[in-house]
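Structures are listed in the sections that come next.
The same subunit A turns up in both complexes below, where it pairs with subunit B and then with subunit C.
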Partner chain A sequence: MLTGAIISGLMFGLYFTLVGLGLNLVFGVMRIVNLAHGDFLMLGSFAAYWLFTLFGLHPLLAALAVLVVFVAIGLPIYYGVVPRLLIARDSEMLSIILFFGLSQMIEAIASIAFGTNERSIPGRVLGSGPVSFLGQRLPSAWVFGAAVSAVAVAGVYLYLYRTRLGTLTRAVMVSREEALATGIDVHRISAIAFGIGIALAGIAGVFAPFMLGSVTPAMGADINVAAFAVIVVGTLGNPLGTVIGGIIYGVGLMLMQTYLSSWANLLPNLLLIGVLLIRPEGLFGRAVRRA
Partner chain B sequence: MNVTPEARPVNARRRILGDLLLAAAVACVMAVAPSVYSNQLLLFNFVMFLTLSQGLNVIYGFTGYLPFGYVGFFGAGAYGFALAVMHLHAPPLAAMAAGAGAALVLALVLTPLFRLSGAYFAIANLAAAQAVYEVISNPALEDITKGPYGVSLSGVYAPDTSYAVSVAVLTATLFLVVWLRNSRFGLSLRAIKEDPISAAMSGVSVVRGRTIAWLCSALIAGLVGGTFAWQISVFYPETAFSAQFSIFAVVFTLFGGVATLTGPLLGVFILYGIYNTIGITVPQYFQLIYGTLIVALVLFLPNGLVSLLTKRGYRVP
Partner chain C sequence: MLRRSLLGFAATLPLATRAWAQQAPAEIKIGHLHASSGPFASISMPVYTGLKIWVDETNASGGAYVKAFDKKIPLKLISYDDQSSTATAATLYNQLITQDKVDILVADSGSVLTSVAVPIAKEHKQFLFDPTGTGAPFFVDNPWIALIADPVSTIWPKYIADYLNDEGVKAGIKTVAILYSTNDFTGTQANAVRGFIKAAGKLDIVYDQGVPTNTSNYTVLINNIASKSPDAVIHLGYVGNDIAFLRNLQDSGQKFRFLFSIYPGIETEELLKNVGPEGLKNVFTYVTSAAYEYKPEVGWTLEQFRAAWDKANSGLNFGFNSIAGYTTGLVLQETLKVTKSLDQTALRDAVFSLSGKLNTLDGPFVLDEHGGQIGEITPLGQFEVEGKEVKLNVVYPPALANGKAVIGK
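And then the complex of A and B:
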C-alpha cells in the first residue's frame, strides 16, 4: 500500500507541478499574483470537455489547441491590465485584488455559458485498462496525465534555458530594472511569459477531468490553494523549484488519502501555512524580500 | 493648507462630530427599521454586512493587511455560539461571548501570519479559514460539531432579540471606526500602513498596533458570527464558512473606499441593495458585475467611491 501511495503520489506530483508552474512563472517574471490561475485551468477543462463531446477530439490535441489559444488570450490580458498594475505602489497586493475580480468574472461567465453541472470525460479515452508499474496497477489516465506534465515541465525548462527569449525572460526575473536598462523589451517578454503561464494552467485543465474527477465552473478557488501550496513549498519565483513542491505535495496528498483519508483536504492549507510561517525567507528567495 | 492654531481644535471637533453623527444615524436607522419594514431577515443581512465590512475596514483600511479568509472568524463565532448552546446549554448572551472568544483565539493563533508581507498574508489567511472549515465540517468530529450535517439551535431562536443585539454590535463597531479615524492610535496605524519602518523609527509600536487592530477586527467578525447563528439558528458549515462573506465584505469596503466610515456603508447599501434586487435569482450575473467592478476599481479608482470627493478636497466622514 505504501509503494502504491508513493508511486501514485509521484504521478500526481508531476501533475501538480504543472498546475503550479504557470502561476510561478507569472510571479517570477512580473511579481504579481494571478489569483485567476485556477479559473484559467477551469477554462482549459471545459475546452477539453467540449472539444471531446462535440468533435470527439483527443485530449492531447485539445491540449495543443489550448496552448495556442491561451497564449493568444494571455497577450491582450497582459497589455490590458499588468502595465497599469506594475506602476502602482503596492503592485503585489493590488494584483491579488484585481485578479480576484478577473477570476470572479471568468467563473460567472463560465456558469452562465456552461451551467453549474459537473462535467467529466470518460477515462478510457486515454487508453483502456490499468498500467502495471513496479507491481502496482495504475489507471492509464494517470500515467498519461503525469507523462504530459513531465513533457510540459521539460518544455518550460528548454524555453527558459535553451532559447534566446528564455534567456531574456530569466534576465527580467532577476531584475526588471536592469533588464529594462540593457534594452530588453520587458513588456514583450512579460506578455509572452503571462501567455505561457495561463496556457500551462489550461493544459493542466485539459487533464483535470482525469486527475481530479469531474469539473465545475467553481473549481478555480480550490485549485488556487493547491497551486499556491505547490509553488510556496517549492521556491516562489523559481519555476523549476516547482517540481520539488509538486512532488512533495503529490506524495503528501496520496499518503494522507491512504492513511488519513478524512483529513486529506486539510493538507494543502496546512502545508501552505506551515511553510509560510516556518521558512518564509528561505522559500521566497532573495528578490521578494523587502527591507 | 494654512491652519491657524486656534482654528484647528474647532475643525477637529467638527470632524469628530460629523463622524459621530453619521455613525449614530446609521445605527438609529437600522434599529428602527424593523418597525417600518417587515422583512427582518433581509434587514439582519444588511446589519451583518454593514458590521462585517466595517470590521474588515478596521484591519484592511487602517493597516493594509487584507484578510482574504475573514470568514474564518465569522464561522468561528457562529460555531462557538452553536457549541456553547448545544453542549453547555449556555444562554444566548453567554454563547455570544463563547463565539467572540473562539474568534479571538483563532486570531491569536494566526498572529504569526503578520510576519508575511501583504500578498502572502492574504493567501495564508485564506488557507487558514479553509483549514478551520475542513476541521469543523469533518465527519470524524460529528459528535462534537455535527460535522457536515449542520447544527440546529431552535431552543434559543429569538429573532427580535438577536436582531437588537446585532444592531448593538454594529453600533459599537461604527464608534470604533470613528475612534480609529480620530485618535492617536488610529493615526499610528495609518503611519504603519504607509511605511512601517519610518513609523517604528518615530516610536510607533508596529507589532502592538497591528495586533490590537487584528484582534478588534476578529472580535467584530466573531460577534457577527454569533448573532448570525442566533438569528438563523439552523445552518451548515458551508453556510457559516461561505467564502461569499469574505468576498462581499472585501468588495463592499473597496467599492466605497477604505479607512473611511462612509465608504463601507455606501458599498453595502448600494451593492448589497443591487444584490438583493437582481443577485438572488441570478447570482452569476451579480458575480459578473462585482468581478468587473473590482477590476475597474483597481485600475481606475483604487481608493473607492469616496475618493471622487476626497480628491477634490472634501472631507468625507
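And then the complex of A and C:
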C-alpha cells in the first residue's frame, strides 16, 4: 500500500502542480492574491463540460480553447482591477478582499447559469481502463492530467527563461519599481502574466471532472485551499517551485488517505501551518525566486 | 331563569365566534432553509422545490385546512439560502424562530445542515420538521423533532446487512469492506451496518475506514480496499462522494463481487448522467420511492408528482429528495388537519398522532417514540443495464423482491 500511495501521489501531485501554477505566477509577478483562482478553474471545468456535451470536443482540444479564451479574458480583468490595487498602500491585503468578492460573484453567477447539479465527462474520453505504471494500476485520466501538467510547467519555464517577454516578466518579479525605472511596460507584462495565470487555472479545470470525480459551481473554495498549500510549500512567488509543492501535496494526501484517512482533509492546513512555522519562505526560499 | 340564561348565551355566541375567528392567523408561516450553492445544494434544492410545489398547490386551493380554526389558511413559505454553510444556517435558523416567528420550522436537507437546527430548535422549544436529516444523535433526549421523509440511519441499512448475512453468505460472501464519509448521515449508517454485521457474526470486516465528506478522489482508497480482497464493499457517502467513487472504480478496473452505494438509488438521474450505465451495472443500492411505487392515501401518486415536477421546470434532476420535499409538505398538511392549535407542543402531538395512519407516495409514515422515522424503510435493489438506461430491481427482502440479485464471481 505504501508504494501504491507514493506512486499515486506523484501522479496526483503533478496535477495539483497545474492547479497551483497559475496562482503562483500571478503572485510572483504582481504580489496579489487571486482568491478567485479556484473559481476560474471551475469555469474551465464547465467550459470543458459544455464543449464536450454540445460539440463532443475532446478535453485536449478544450484545453487549447480555454487557454486562448482565458488569456483573452484575463487581460481586461487585469486592466480593470489590478493597476488600482497596486497603487494602494497594502495591495496584498486589498487583493484578498477584492478577489474574494470576485470569487463569490463568479460562484453565484455560475450557480444561476449552470444550476447546482454535479457534472462530469465520461472517463472513457481519456482512454478506457487503467494504465500500469511501476506495477500500479492508475486511471488513464491521471496520466493525461500529469502529462498536461508537465507540458504546462515546461511551457511556463520556456516562457520565463527562453523568451524576451519571460525575461521582462522575471525582471518585474524581482523588483517592480526597478523594472519600471528601466522602461519596462510593467502593466503589459503583468497583464500577460495574469492572463496566463487564469488560463493555467482554466486548463487545470478542464481535467478536474476526471481528477475530482465531478464539478459544481461551489468547488472553487476547496481548490483554493489546496492550491495555497501547494504554492506555500513550493515557495510563494516561485512558479517552478510549485512542482515540488504539488508533489509533496499529492504524496502527502495519498499517504494520509492510506494511513489516516479520516484526517486527510487536514493535510493542506497542516502543510500550510508547518511550512509557515518552520520555513516561511517555502522550500526554495528567496534565492530561487530571484533566479 | 333558564330562558334568560339561554338568551344570554345566544347573545354572546356571535361575539365568541368572532373572537375565535380573530385568533386564526392570516397566514401560516413555514420557515425553511435551502442551499442554492455549496456541496449540499444537489440534495437541498430538490427538497426545497418539492416543498414549494406543495405550498403552491395548497395555496392554489385556498390554503391548508387547519382544524384548530376550522378553516383554510394560506401558507407563506419563508426560505433562506444557507449556501451549505452550517455557520450561516445556525444564524438563519435563529432568525426564523426569533425574528420571523414562524409557526412551523422545516430543516434544510441532509444531516449536516440539520445538525445545527437540532439544538437551536430544542433550545427554543420549537418543533423541528426534519425532512431528511437521519443522524442518530438528533433523536437522543430530544422531544422537539420528527424525521419525515426517510428512515433514521440507525435502521436504514438493515436490509444491506440482512441480505449479506442471508443470501450473501449462501453465495460465498465472507469478507466485507466498509468505506464511509465522516458525517452524521453516513457515519451513523456505517455504525449501524457494522453493528448488524458483527451481531450476526457470519462475516469478517477486513477494511473499515472513514474519509472526510469533501473527498473527491478515491483511487488510492479503492486500491487499498482491493489489497484486502473483500468479497463485498459497502460505500456510504453523499452524491459527490458516490460519483467520484464509482467513476474512480470504473477507471481503476477493480471489480468487487458485491458493491453497495447509497445515492445511485436516491438520485438516480444525477448518478446516471455522471457515472453512466456501465458504472451502475450490478451496483446494489436503496430503492426509494422514486423507483418503487407506493399507493398513497394522501397527496399525489408518483406519476402525478413527477408531472408536477416537470411542469415546475426547476432545471433540477428528479430524484428521491424531490419526493422528500413534497412528502414533508403532505405531513405538514395532515398535521394541520388534526392539530388543536399552532402551539409547538400541539404540533408535536399532532405529528405523532399520524404515526402508522398515514400513507404517502413515500410509503408508510411511522415514527418511533424518539421521532425517528421507521416506516419508510427502503428495500435493497440492484441495477440492471438496459442499453443506455438502467433498471432498478428490488432484490431484498423477498416479500418485496421483483428481481433476482446478481453477485459477481
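Please note the rule applied: the second predicted complex is superposed on the first by the 280 of 291 C-alpha atoms of A that agree within 3 Å, B and C clash if a C-alpha of one lies under 4 Å from a C-alpha of the other, contacts with A are read in each partner's own complex, and residues count from 1 in each chain.
Convention: a residue touches a chain if its C-beta (ideal position, glycine included) is under 8 Å from a C-beta of that chain, and two chains touch if they have at least 3 such contacts.
Because the structure is predicted, anything quoted here is derived from the model rather than measured.
After superposition onto subunit A, partners subunit B and subunit C are found to clash with each other.
Looking at the shared chain after the overlay, A:Q257 reaches subunit C, while subunit B stays out of its contact range. In the superposed model, A:A141 makes contact with subunit C only, not with subunit B.
In the superposition on chain A, A:S111 makes contact with both subunit B and subunit C.
Residue contacts after overlaying the shared chain place A:M1 against subunit C, while subunit B stays out of touching range.
With both structures placed on the common chain, the touch criterion links A:G123 to subunit C but leaves subunit B unconnected. Of the two partner chains placed by the overlay, only subunit C lies in contact with A:T216; subunit B stays clear of it. Contact with both subunit B and subunit C is seen for A:N265 once the two complexes are overlaid on the shared chain. When the shared chain is aligned, no partner comes close enough to touch A:P76: not subunit B, not subunit C. Clashing C-alpha atoms between subunit C and subunit B appear in just one of the listed stretches 2-10, 110-118 or 236-244, and that stretch is 110-118. In the superposition on chain A, the residues of subunit A contacting both subunit B and subunit C are 107-108, 111, 262-263, 265.
Interface of subunit B with subunit A (complex): residues 64, 66, 68, 112-113, 115-120, 122-124, 126-128, 130-131, 134-135, 138-140, 197, 243, 247, 250, 254, 284-285, 287-288, 290-295, 297-299, 302. Within the complex formed with subunit A, the subunit C residues making contact are 35-39, 41-42, 45, 84, 182, 209-212, 214-221, 223-224, 227, 239-240, 243-245, 247-248, 250-254, 270, 273-274, 276, 315-317.
Touching subunit C in their complex are the following residues of subunit A: 1, 4-5, 8-9, 12, 107-108, 111, 115-120, 122-123, 129-130, 136-142, 211-214, 216-218, 222, 254, 257-258, 261-265. Listing the residues of subunit A that touch subunit B in their complex gives 33, 81, 84-85, 88, 90, 92-98, 100-109, 111-112, 221, 225, 228-229, 232, 262-263, 265-266, 268-270, 272-273, 276-277, 280, 284, 288, 290-291.
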